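This is the structure, below, for whatever I ask next.
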Amino acid sequence: MKKMMKIMGALALLVLLASPVHADEVVTAGSVAAESGYAIDNLFLLLGAILVILMQPGFAMVECGFNAAKNAVNILFKNVMDLCIGCILYFLFGYGIMYGDAILGGFMGWGGMGIGAVGGDMAAGSLTPQCDFLFQVAFAATAATIVSGAVAGRLKFSAYLTYSAVLTGLVYPISGFWKWGGGFLDQMGFYDFAGSGLVHAVGGFAGLAGAIVLGPRIGKFSADGKPRGMPGHNLPLAALGVFLLWIGWYGFNPASQLAIVGKANTEAVMLIAVNTTLAAAAGGILAMLTTWFIHKKPDLTMALNGILAGLVGITANCDGVTNVEALVIGIVAGILVVLGVKLLDAIKVDDPVGAWPVHGLCGIWGLIACAIFGDGSYWGEAANGALYGNWIAQIAGAVLVPLWAFGTMFVLFSILKKFNALRVSPEEELRGLDIGEHGEEAYSGFQLWTIK
Amino acid sequence: MKLIIAYIQPEKLTAVKQALYEKDVFKMSVTNALGCGQQKGYHETYRGADIEVNLLKKVRLDIAVNADFVETTIEAIISGARSGNIGDGKIFVQDLEQCIRIRTGEKGDEAIG
Amino acid sequence: MKKMMKIMGALALLVLLASPVHADEVVTAGSVAAESGYAIDNLFLLLGAILVILMQPGFAMVECGFNAAKNAVNILFKNVMDLCIGCILYFLFGYGIMYGDAILGGFMGWGGMGIGAVGGDMAAGSLTPQCDFLFQVAFAATAATIVSGAVAGRLKFSAYLTYSAVLTGLVYPISGFWKWGGGFLDQMGFYDFAGSGLVHAVGGFAGLAGAIVLGPRIGKFSADGKPRGMPGHNLPLAALGVFLLWIGWYGFNPASQLAIVGKANTEAVMLIAVNTTLAAAAGGILAMLTTWFIHKKPDLTMALNGILAGLVGITANCDGVTNVEALVIGIVAGILVVLGVKLLDAIKVDDPVGAWPVHGLCGIWGLIACAIFGDGSYWGEAANGALYGNWIAQIAGAVLVPLWAFGTMFVLFSILKKFNALRVSPEEELRGLDIGEHGEEAYSGFQLWTIK
Amino acid sequence: MKKMMKIMGALALLVLLASPVHADEVVTAGSVAAESGYAIDNLFLLLGAILVILMQPGFAMVECGFNAAKNAVNILFKNVMDLCIGCILYFLFGYGIMYGDAILGGFMGWGGMGIGAVGGDMAAGSLTPQCDFLFQVAFAATAATIVSGAVAGRLKFSAYLTYSAVLTGLVYPISGFWKWGGGFLDQMGFYDFAGSGLVHAVGGFAGLAGAIVLGPRIGKFSADGKPRGMPGHNLPLAALGVFLLWIGWYGFNPASQLAIVGKANTEAVMLIAVNTTLAAAAGGILAMLTTWFIHKKPDLTMALNGILAGLVGITANCDGVTNVEALVIGIVAGILVVLGVKLLDAIKVDDPVGAWPVHGLCGIWGLIACAIFGDGSYWGEAANGALYGNWIAQIAGAVLVPLWAFGTMFVLFSILKKFNALRVSPEEELRGLDIGEHGEEAYSGFQLWTIK
Amino acid sequence: MKLIIAYIQPEKLTAVKQALYEKDVFKMSVTNALGCGQQKGYHETYRGADIEVNLLKKVRLDIAVNADFVETTIEAIISGARSGNIGDGKIFVQDLEQCIRIRTGEKGDEAIG
Amino acid sequence: MKLIIAYIQPEKLTAVKQALYEKDVFKMSVTNALGCGQQKGYHETYRGADIEVNLLKKVRLDIAVNADFVETTIEAIISGARSGNIGDGKIFVQDLEQCIRIRTGEKGDEAIG
């Protein structure tokens, strides 16, 4: 293998050096550009996909750490499985729906099952179909895994498997098509660079639907309706998870430029990376200060949420805002996420990890920020001549996309509930889903206060 | 004075505490315990292999009370802990010769409450 | 977004093609190709090496999490040290043995100690010697670390150090030479793209040898010979480890193409990445379903093993199978791994983490899958004119390589046993190796049920 | 370093443009080189920055795992916040101070707040300002986070926030300017390739200052002054952290070459990567052997420190030493770190994680190693004609840089102490900072021996 | 009725349970404990510094039995727990005034078993 | 013989052990406990929501001594554990009928020490 490749490489060079003078020379320089551009941009996207997949352990650790030890196996298992199921379902249906040609009057697309080709045209900025799929499936899996945190501690394992199949195979790709597949949202000038709305808001609102249909965990609200803190069992894991998410986001945002070759691309990618960093940092600090101010003590879990909030907020607009605007976006997100958590407590919705405040609320914030900060012209013109990122389009998207995710998932979870395939029994919940659903403890041998 | 020791199901602790509070029993000590009794254990499988769990998680309460409080205390515990199922637990009563409050050095009855 | 970029890319190419003619450009263009190709391919391999090294914490966390808390320090220490020792020993001897010129009638190679040069010829597909070493040593360390899981909970620390020196310095490089060094297996058309056999089966069977010579942990089999579950103490860590392994595998497989520049390479790399993903997902799902079916409850640890099984299974053939075939390979691996675990239980071999079912059994499966699915012609012709991946060659390799690892390690462990330098005392084993061998607890301050 | 590369990049482009015949054609080949070179080198640095940021969770896990469970939230929070604060402060002030034009007679630089531009000149070796910032801020955050470990278990949270703002916004950039900003140390021929001194020694000595001003944790030294072991509570996390640090170092060192395009760069990067690997491995093994020899049992935490010691030691010189010299540097570092730990115990300084022995002591060792091993000429000539890496310059740097960090931080911590804003109350310390400062437990539900 | 409290070496628990089962003593409660006794502690080193461990891990058994069961129970415990080495542990016997089964409210002898 | 049971503040354990050693009381058993007494619990907030903690971490000591040692032992515990603040804890004294050293089978007074 190794040898073989070395030779190929050498040959490649010879060919170039050997090739005689004339017409084809131009091709020489051109082909060099095409060849290395093709390699670089695909390598860049591969790196991006890998980083986005690194967000999976990130989510798994955050959600696991923010929940009770007695449910750790269950939540880990859900996180592992939404990735596995997501890969298969998105391969079979999702990808075709999201990036195929419009059908059903532009409601969704269809390009057949699977990926289709292996090869593409050799040029900078052109992705091989396989590479393109890998990057896209990583995003689908991200949307899916957001939900597990919101429904933690009470949703049946089997129900979650059903959910994740439906989301990655159908719901996410359809709203994805509306924008990234070139659907009507795209045509009206809706802008969502890397998915504050299409990925995070979808996940966040799907999670909200789940949390509402399920109802709160036993003990989350006292008899007189006061919210009770149900502390996470492993904050070091949760912190690790947030660090991994931060790092994974360097794939999520910069790689969404989809090419790095060419001055414009190279510089866009780097601007995006820095904006992502600044928003994350600002979000973390502000969330810390906000809780410090409200509750007199700095709360780690809120600061961690704040970092994620900043990242979600910058996702839709990171390619079109300045560094300073990125800071502002992060600052607002950091405050929003804390208020979002308190809002859910107020309306008695139990979202153990803050999936909605982070991904839902700040996802919308990211979309609106496009209209506020983004100089629309930067993003060019939409089919209907409107500028990308204009207020109407952003509001339309910020309403329709979350609504779509919330609505469909609300229906799905309600159906499961009807066949009471949704929630585990109170005994099981009290004892922990790990024993009840998996007959397996996460921390065998550790003495836990069984009284919590 | 008497020392009441009770082994109950962990998930009943809150109910038992509630019941005790209502009877003005506010002081107690709680420890984790594993119990083995009439209640048969259960079987888990790990990687396909069998695990027999016959030591079950219980919570142990130690409550020191004055003699005249014993009955009410026991009733409170029972009312909070009974589900009627095997595994509900046991209550043991022992004599308590002396009780001292470290902070004040008070002894006996006034120390206990 | 995507679309937009595609167009930009195309334009970029056109511009280049448009520009007119002359002689010296050819050289200029050629040197450009060589220079950037050299940079890109070496960068690609560096990234690959880093990802493969990321598999080290992956293995460490899985093995640590799947074992008892009382042995956590010991297993972590072994994982840390096999990397350190592996780097040194492979640098001193292994690399020279694996990629040197054939000696001892082609039994092994020898190219001197160390790496030799710093510079290479500047061309696409040509790796600098240092880069090549880094990538290779990462593979050697992978083979080594697989074993620690199989012998966990009873093998002496010193014995493990000895073992890992021998494996990375001698045993692994020799069988590696047979194929990747251009030895007899390569010449007869044996195919193993990224090491289902040369890396994973070697590790898996070395581990099996250790597990057999050592005998089971106290309490693993009841008096009447029934296998007893000995639960892992930290499944969140184990799950994290598997995620890291999945991600590391994007270095292990795609980078084994050893070049990304050139249309063929670029597209091969991306196909490999997707096949790797699909096989992992399928393996995880099938392993879950299989245990669910057999034991009525979905078992997280088995699903995690299943993901690894799928990854191991696809490693030998990922560059020559279709996406759908990759799915099938993963599905089979996912079922095989569960059966493998039950097989070991049946024959009373104690492999605490399932190293053999995952790496040994599915490693062989990967090799056989080359013959089943791989269109031999795709992989070109071997020295003897046979097609790569032909049945005879694959069977030969699938027998000889594991046999070599198993045999040599069986001897080594037996010798250590004779001088009873192999296994800790029963007291030490019951109390835990952490106190006995290191006088250090992994979770100081935590209350553990000392009765397990 | 940076500067040098910038110039090289510019030259590269000029050469191409200069080469004879028909301007535009040349531009064709030249522009291809510039375009892909620009993309590759910036991608390379982006990857580097991401890897360096991966060191943040690495540090967080090591420091968390090496300390008591009752302080876990506090130390995690500090690690999260020094990254957030570091990003903002370095953006606002640090970057401008470190890479601006000399002011105050060359004591520091100033280039204004923020980053300034988005675009740069398109050429290989030329970094976009944003990319350059991202890489630099990752280094600043590294220096900052080192300290948290040395002051763990007793430093107030608010004091730490203050400290990290000052370090990343002022102290680190100033000494950084002396060398990497082209200041006097650079001019006299001081060499520090990737920051053994400018990053690690700065962090290590800042930490030492903190540890001294704070005084030891309650119980660290017995009445008769004997050091007492205060075991870390989660060694699996610590081991994970070290693995992440090892991996992150592949960004820290290789990417400090600041370019990979061009034969010299490509090969330098790979040499650096291998040297880094060998030094880490050697450091780990030697630290293990040293403690084994002294204390009769191999100590995991020391081996982990040893790996880091090797990495720190090779950081200043990895581009100019041979593989074998890298081994020697790692070996010495592995021994030094153990002696360093014992030294601190002897002088009654309490550094819970060994931040000074690892980053301070071995940081200096790395600088001295430049003079010992580095063939000065390799690193070219300094402004004053002296060779880079000469003894005088290295000693000067090895004294001034640590002194600067130690001195400034000693003052800062002393001031905080005066306003007793430095250390938590004994009650709080005994009970744990998590409850006292954050009202949050790291492992809610776990039974901890409250008696430790 | 008597309450038997035994502190044993953790690794002996299985043997002790076995021995008790053979004597038809099936009910007990188990807790983790740290013990400090004749058995000197041991020294660990952590990062080169000394750690003196003088509280050793023990397992505590609480077994309530009828008076006539005391001897057999004690013998069973000893037979399972004795290794002849320092640290084997201790057995304590106390009087038990009352025993109540929460589930049924049964009292005394029939509740205990 | 008597069995002394004391609940103290965790951070006082070292001091109490010291005090006991000085009075030649070397043998004891220690367990973790949660206590609920005069000392009101405290409130934490987690993600902005309130957590009422009314079971506080305590350490439980079990010390079996000969009758004539009871006073000294109690004094030692008090001297080590008293801070004068609510939460200092309690000491309970019970009669102990029998004590057996598993290792030797010794009984009573010579077994206890």
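Going in written order, the chains are labelled A, B, C, D, E and F, and every chain counts its residues from 1.
We adopt the following convention: contacts are C-beta pairs under 8 Å (C-beta built on N, C-alpha and C of every residue); 3 or more make two chains touch, one makes a residue touch a chain.
Predicted, not measured: the structure shown is a model, and the values here were computed from it.
Student: Please work out which of D-E and A-B is bridged by more C-beta pairs in contact, and write that pair.
Tutor: D-E
Student: Please state whether the interface between chain B and chain E is built from the same residues or different ones, using more than half shared residue numbers as the mark of same.
Tutor: Answer different: the two copies use largely distinct residue numbers here.
Student: If you average the CA atoms of chain E and of chain F, how many Å lie between those two points?
Tutor: Measuring from centre to centre gives 18 Å for this pair.
Student: Return the distance between the CA-based centres of chain A and chain F, expressed in whole Å.
Tutor: Those two chain centres are 53 Å apart.
Student: When the C-alpha atoms of chain A and chain D are each averaged to a single point, how far apart are the two points in Å?
Tutor: The separation of the two C-alpha centroids amounts to 31 Å.
Student: Quick check on chain C: which residues sit in contact with 2+ other chains?
Tutor: Only 16, 19-22, 25, 28-29, 32, 36, 40, 43, 47, 231-232, 234, 240, 297, 299, 301, 439-440, 443, 446-447, 449, 451 qualify.
Student: Hey, what residues on chain B touch two or more of the other chains?
Tutor: If we look for residues of chain B contacting two or more partner chains, we find 30-32, 34, 44-46, 55, 94-95.
Student: Pairs of chains that touch, anyone?
Tutor: Listed in label order, the chain pairs in contact are A-B, A-C, A-D, A-F, B-C, B-E, B-F, C-D, C-E, D-E, D-F, E-F.
Student: Provide the residue numbers of chain F that touch chain E in the complex, in ascending order.
Tutor: 3, 17, 26-32, 62, 64, 94-103, 105, 111
Student: Name, in rising order, each residue of chain A that touches chain D in their complex.
Tutor: Per the touch definition, chain A meets chain D at residues 26, 29, 32-33, 36-37, 40, 43-44, 47, 51, 68-70, 231-236, 239-240, 242-244, 246-247, 250, 254, 260-263, 265-267, 269-271, 273-274, 277-278, 280-282, 284-285, 288, 297-301, 303-304, 307, 323-324, 327, 443, 446-449, 452.
Student: Where on chain A is chain C touching in the complex?
Tutor: The touching residues are 1-10, 12-13, 16-17, 19, 21-23, 25-30, 32-43, 46-47, 49-50, 53-54, 56-57, 60-61, 64-65, 72-73, 76-77, 79-81, 83-88, 91, 114-115, 118-128, 130-134, 137, 157, 180, 182, 193, 234, 237, 240, 256-259, 261-262, 264-265, 380, 437-447.
Student: State the interface residues of chain E toward chain F in the complex, per the touch definition above.
Tutor: 2, 5-8, 31-38, 55, 58, 60, 74, 77-78, 81-95
Student: Under the touch definition given earlier, write down the residues of chain B that touch chain A in their complex.
Tutor: Interface residues on the chain B side: 10-11, 13, 30, 32, 44-46, 57, 59.
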